[in-house]
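Labels for the chains are A, B, C, D and E, by order of writing; each one numbers its residues from 1.
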Amino acid sequence: MIPVVLYLAVAAIIFSIGLYGLMTQRSGIRILMCVELMLNAANLNLVAFSSYHDDLTGQVFALFSIALAACEAAIGFAILMALYRMKDTISLDNINVLRW
Amino acid sequence: MMPILSMIVLIPLIFAALALFTKTKEQARVIALAGTVIVLLLTVYMYFNFDSTIADNQFEELAQWVPSLGITYHLGVDGIAMPLILLNAIVLPFLVLFTWNDDRKSPNKFYACILATEGAVIGVFTALDFFLFYIFWELTLVPLFFMVSIWGGPNKHKAAIKFFIYTHVASLVMLLGIFGLYFAAWDMTGTPTLDIPTLISQFQFIESGAAKDMIFLALLFGFIVKIPSFPFHSWQPDAYTEAPTAGSVLFVMLKIGGYGLFKVMLPMLPFTASPNLMITIMAALGSVSVLYGAFLALSQKDLKRMVAYSSVSHMGYVTLGAAGLVSLSVSGAMFQQFSHGLIMSVMFMSCGIIKNTTGTRIINDLGGLAQKMPKLAVIMVMTFMASLGLPGLSGFIAEVSVLAGSFGNLPSYVLIAVSAIVITAAYHLWALQRAMFGVYNEKLGTVVDIDTFQTVSMGVIAILVLYFGLNPSPVLDMMLTNSDNIVSLMAAMGV
Amino acid sequence: MIMMSMDIEAIIYNPLLRGILGLCIMGAVFGGACVAVWFERKLSADVQQRYGPMRVGPHGLLQLVADAIKLFTKEDIIPKNADKLLFVSAPILLMGSVFLMLVAMPFGAIIVDGQSYVIAATEMDISILYIEAMSAISIIGIFMVAYSANNKFSVLGAFRNFARMIGYEVPLGICIVSVAIMAGSLNIVEIAEAQSPLWFIIMQPLGAIVFFIALMADMGRLPFDQNESEEELIAGWMTEYTSMRFGYCFFAEYIHLILGSMLVVLLFLGGWNLPAFLTDITILGIILPTAFFLLKVALVILFIIMIRWAVPRYRIDQVVDLSWKKLLPLSLLNLGWVIGLGLLGVY
Amino acid sequence: MDMMLLAPEITMAVTGLAVLLIGLFLPTDSKKILGYLASLGVLVALGLTISSLGTEALLFYNTVSIDALSQFFKIVFLVVALLFSIAGIKYTEGHSHTEEFFTLGLFGTIGMMFVASANDLMVLFVAFELASLATYALAGFEKKNIKSLEAAMKYFIIGSLSAALMLLGISYVYGATGTTSIPEIAANSAVLVSSPIGLVSVVLLLAGFGFKIALVPFHMWAPDTYQGSPSVVSALLAAGSKKMGIVAALKVFVVALIALKADWQIAFAILAVITMTYGNVVALRQTSVKRMLAYSSLAQAGYITMAFVVLTPLALGGGIFYALSHGFMKAGAFIATAAVTYMVLSENKDSADPDHIENFRGLGKRMPITALCMTIFVFALAGIPLTAGFMSKFVLFSSTIEAGFVWLAVIAILNSAISLGYYAKIVKYMYFLPTDGEKISEPFPYTIALIIAAIGVLAIGFWSQPFVHWAMEAASVLLTGGM
Amino acid sequence: MSGIIDISNIANSYIPVAIILIVALVMPPMTMLIIKLLSPRSKSSAKYTTYEAGSLPIGNARIQFNVEYYLYAIAFVLFDIEVLFLYPWTTIFKGHDITGVATVEMLIFIFVVLFGYVYLIKKEALKWMK
């Protein structure tokens, strides 16, 4: 049996990579990928805990969150496409009509 | 029995809403006059049914509003509130008459503001529930803010904002005090209530002395800014000066600060942890206001601004009298509020007329107006004399009672105030002399005397000044009843 | 008797032995793929009334060996514009995909004393899901091949591959779900064994047809080989590959073909199920189910190869239209049919 | 299991699907009926919710609980959805994607409603995401408007980040306690207290919900999104979506993680103070009304967050009550800007800043009803007496003092004094600055929505007893740890 | 059964998977190494250019393609995920104590998804060339 801590460590690393990417990347597609990475890291956690507790809740939860991640990607991609049609770029640096 | 208090509060508000929907000046002023006259009639009716020999609240109305928070709809008047309601009810019809022929933009909103202020101010005087009290308290802000910022002078925006922020912050601090009182009482009794008499009576049972002082000071701050008293007076000259004449008069009618002092502060005073300190604070603020206001008035070039500072000075007597803690001084202070309201409204009306006819209010640019405007001159001289405290006019009675009454307890502060009398006389007379008498300043062009409406409105109020100067008892009696009540309470506590 | 079954179980449930079994199967599949290549060439030739490979060995049987030697001795070229890391690792991914599919795939069963022992490297409760997932990985491999090569034909082929995949995956999945409902399990072995009286092709013919068509698209067989349609795209996504690198891509396709055919047999054509009187005899029980199973697989492969010469290739938009507008509703219809049968208590 | 208790949600879902389906078969110029259909559906759902008041039940294996809290917030969301759909009738006029607009709005509302009744973190998360996804799409509804798209993109990125953080936090909570049921987490929270995982999950969940509630420093998206989105959508975002974050945080922190109070209480205190101060100060110098409202929305969220610090029944009730009033006020204010935007765009199609405050000049003359309602809303937001805003501030601030957090109350009160500065500015532009614009006829649906909201604001402010009582009941559900 | 690793245990059933995976990962590089030894090598720059039917390659192939089917891609992701929810349900369709509820719920689910399908068709999202 692989100790649950290892799964947690992997998940934490993946999550951190995703977070780092989200902060540093400017391309819309890459940001989408980073978001997926973070969600999947959390899913990994859920499944690992599910097996650790011998309880199915975590797996079901992961199933739902996978579905949600897919929907999220779909919507993100749709917004990105619309942006691309307007501005001919997917770099978020060029999206600055509204001031922070 | 008809809910007369609700009526005198709501009728001006309803008429204000009606006035908003009128299209022309003619309709608006008729509605305004109708509203104020109805209130006057109701108030007079109420006055004659008022028992001035008891200090209790009368004409009480009580209804549950938000029981889970202890909020009620509780109205009632006592001898402190009654004269002030009377003051408002008397002056405002004449104020409407005074503005009868004026031309100004959006008259419908103008008259709506006048009526809304009347309703809100009377609401403060009648509210016996802190929630209601606070609502009306805040409600007075809105029409006055508009009054200044729409129809005001050149610096109207600055003045309006200054007025708004000052008084709003003060009322928020007051709200904190109310909350403190509310929860302290809630903790003790287990039931929430915002009823003013109940909370005041429960104040003494609060255990923590520091909490008591904090609550007291928070409330005091809220009232003192509204009075206004030194050192929180700086909004007042700006607002009074920049406001249109009617606005200034409405500000003068705004006696809610002093009312709070008598109604809420004094009954609570003996139960604070250090009553003597509180008395000292109030006395010091009052007496310094008297002197400081007088000095500043002396140095003013603008007639209206001078009147505004004289108001600071006069309202100092209210604070000082309240701190005097003798029946005479307290009732004198109450009477000072009443008489000051009458006097100042005429003075501001005069300033407004001078500005309108001559185009300036700078005292040095005026001169010899009495030749061209004899009717104005008569009324003005009379009110200026009342203001500086000439015997036989209402100001004298008030100031003398305050000074004489307070002397026993607060001799040093009274001496400060007394020293101001000379200055008061000086600036009043000097201004009168330069503006009204002497050689007519030809640069002013042709001026005409006040018209009938103005004469009637100013004249009636001036006559009232004289009447109450000669026979103050119609209002002073009920004030005395209440101040006796307060003072006996103090005496029982050994203050 | 109990002792004996204990021994058998000890052998069967030893994971290391299973691993070795898996490696054997892997070799067998490789061999099978070689045979399939030869088979296809000969059969295609027959359909077109030619001979096909004849020179090397009898009926060109040794052509395979010759081809293997050729692949091993060709120069390995990596174009200078290529992304080297991806270029090198793409075949690994492709092979990984098919081999991992193969791990959970049963290759028949041995029936002793009425107890059946499945020949498979491993058994999982969700093996059908696992197989589908592993099969989907190959798409990424294909895109890696094309993208790394930096060749326009390749990239175009890979994009077509994606377009096709996103069409057929959904009906394929729904058909598998319908089968799984009927069997009440996601374990492919249990699904195969659930067909012992009636094959699922009889219970849900519509599902079988949809599944078969979608599977053809999955395997990239004609009429669905838009990703490497030789007439327009040279060799499609594999254009820049040479030597054994090409060989791996090529083999992956054929292994996919075999495994796909096995899926058809397992899901719809009854797997290795035989009437009990046949398997009661020990020796027949050991041989017959597996043989029968492999025979069916061979027939399916034959059928798939024959289709190649019967139907012209679809255009890519037609494929997408077919899968979205026909296969998807049909598969849902089939799902409804299965649910209806279930509610009526037919199975 | 009584499915009737889910009747409001079912009604909403059926309406949403019906709108979608009918809209597909209608030509663009007759799609107006969809808005009426959606409003009707919301109204029916609202009626059903009100008629089921007072019932308590657990559905779907204890994952959904119907209680006073959930019904309170469901009504908040339904009211916002009602305003949204009524105003949407005008907004989508002549738009070919009308059916998507209403369907997304209705589905988003269903998500919010399920967050309100979630008794399990799984339901909570899924519903939370349902609402978020619908609102992402709505924020970018104007596909040809770069501002709208930018708003949607920023909202989307930050929203997904918050979802990821939240999910990770939930996974740790699940890992430590072995359950996702909110009451059971509360029962098993001893594990969380004793291990660092508790702190980690609190931080993650705080960040996750903080993004949704738009607490400083998690607020970066809010001003941009509220400004860029169509005003009607901003109304849904500010009034609905934000409340959803609050009710979710209430459930997660106050019920499930109450044992970790020591960890998050002070964090909430700091966030509340920073948020309200930052929101009010920055709002002072905004020239776009929508952006100003967005910052004011930050400030209001800061006030509501005080409930998490104080944690007395009165404070929680105050916070919940504030959420109700804020729903009316903010939705109304944004719909008023929608009406102004409509006015500006009908005069000049290419106007770059239809929400600039200059466009509010003389609104009192040009659109008297809109201006009057807007005045009521901004006065309510500023906390002028006799409005819902005052009443809720009264309850919330007073409870803060009661619990001894006088410093917090003082900061909040000073803040609400500051806020008057910019609210008064709007009123000044509407009534006191001259304009040469013509009086225009006010679009009927906007006016109806505005009047409903204004009546709500005044009714809650004046006749507050039932609402306060009801909010207290909802708060008591929180404090008894759900069911 | 001491000493025997039970393959019915989930973790152990993946041991053969690991073995095969290692082989699959190692095999192609190994063969490529062998080929390096066996195959001829001749350096010529033309050999290493990208093949474009004989002509000189133009530009980079890694450009952004104008993908007509991004809408399909989105729809695919969503429908595929929908199938994901069907899988767990398959095992409880028969003879489980929540079969009835689960079937009703799943039918509602499929019904809602069909709505999405009708929507896609009607919006012409599934049309290759618009």
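Basically, a residue touches a chain if its C-beta (ideal position, glycine included) is under 8 Å from a C-beta of that chain, and two chains touch if they have at least 3 such contacts.
By chain, with names taken from UniProt: A = NADH:ubiquinone oxidoreductase subunit 11 or 4L (Chain K); B = F420H2 dehydrogenase subunit M; C = F(420)H(2) dehydrogenase subunit H; D = F420H2 dehydrogenase subunit N; E = NADH:ubiquinone oxidoreductase subunit 3 (Chain A).
The structure displayed is predicted, hence computed values, not measured ones.
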Chain D and chain B - chains in contact with each: none
Chains contacting each of chain A and chain D, listed by label: E
Furthest chain, CA centroid comparison against chain D: C
Nearest-to-centre chain - CA centroid comparison: D
Top chain pair, ranked by how many C-beta pairs fall in contact: C-E
Inter-centroid spacing, chain E versus chain A (mean Cα positions, whole Å): 19
Geometric centre distance via CA averages, chain E-chain D, whole Å: 40
Distance between chain centroids, defined by C-alpha means - chain C, chain D (Å): 53
Inter-chain centre distance, chain B versus chain C - centres from mean C-alpha coordinates, in Å: 96
Interface hub residues of chain D, defined as touching at least two other chains: none
Contacts with 2+ other chains: residues of chain E: 73, 80
Pairwise chain contacts under the document criterion: A-D, A-E, B-D, C-E, D-E
Of chain E, residues touching chain A in the complex: 11, 70, 73-74, 77-78, 80-81, 84-85, 88
Residue ranges of chain D in contact with chain B within the complex: 384-386, 390, 394-395, 397-398, 401-402, 406, 409-410, 413-414, 416-417, 420, 424, 428, 432, 464-465, 468-469, 472
Contacting residues of chain D [partner chain A, same complex]: 121-122, 125-126, 129, 133, 136-137, 140, 143-144, 146-147, 149-154, 156-157, 160-161, 163-165, 167-168, 170-172, 174-175, 178-180, 220, 223-224, 227-228
Touch list for chain D against partner chain E, complex: 17, 20-21, 24-25
Residue ranges of chain A touching chain D (in the complex, touch as defined): 4, 8, 11, 15, 18-19, 22, 28, 31, 35, 38-39, 41-43, 45-46, 48-49, 52-53, 55, 57-58, 60-61, 64-65, 68, 71-72, 75-76, 78-80, 82-83, 86-87, 92, 95-100
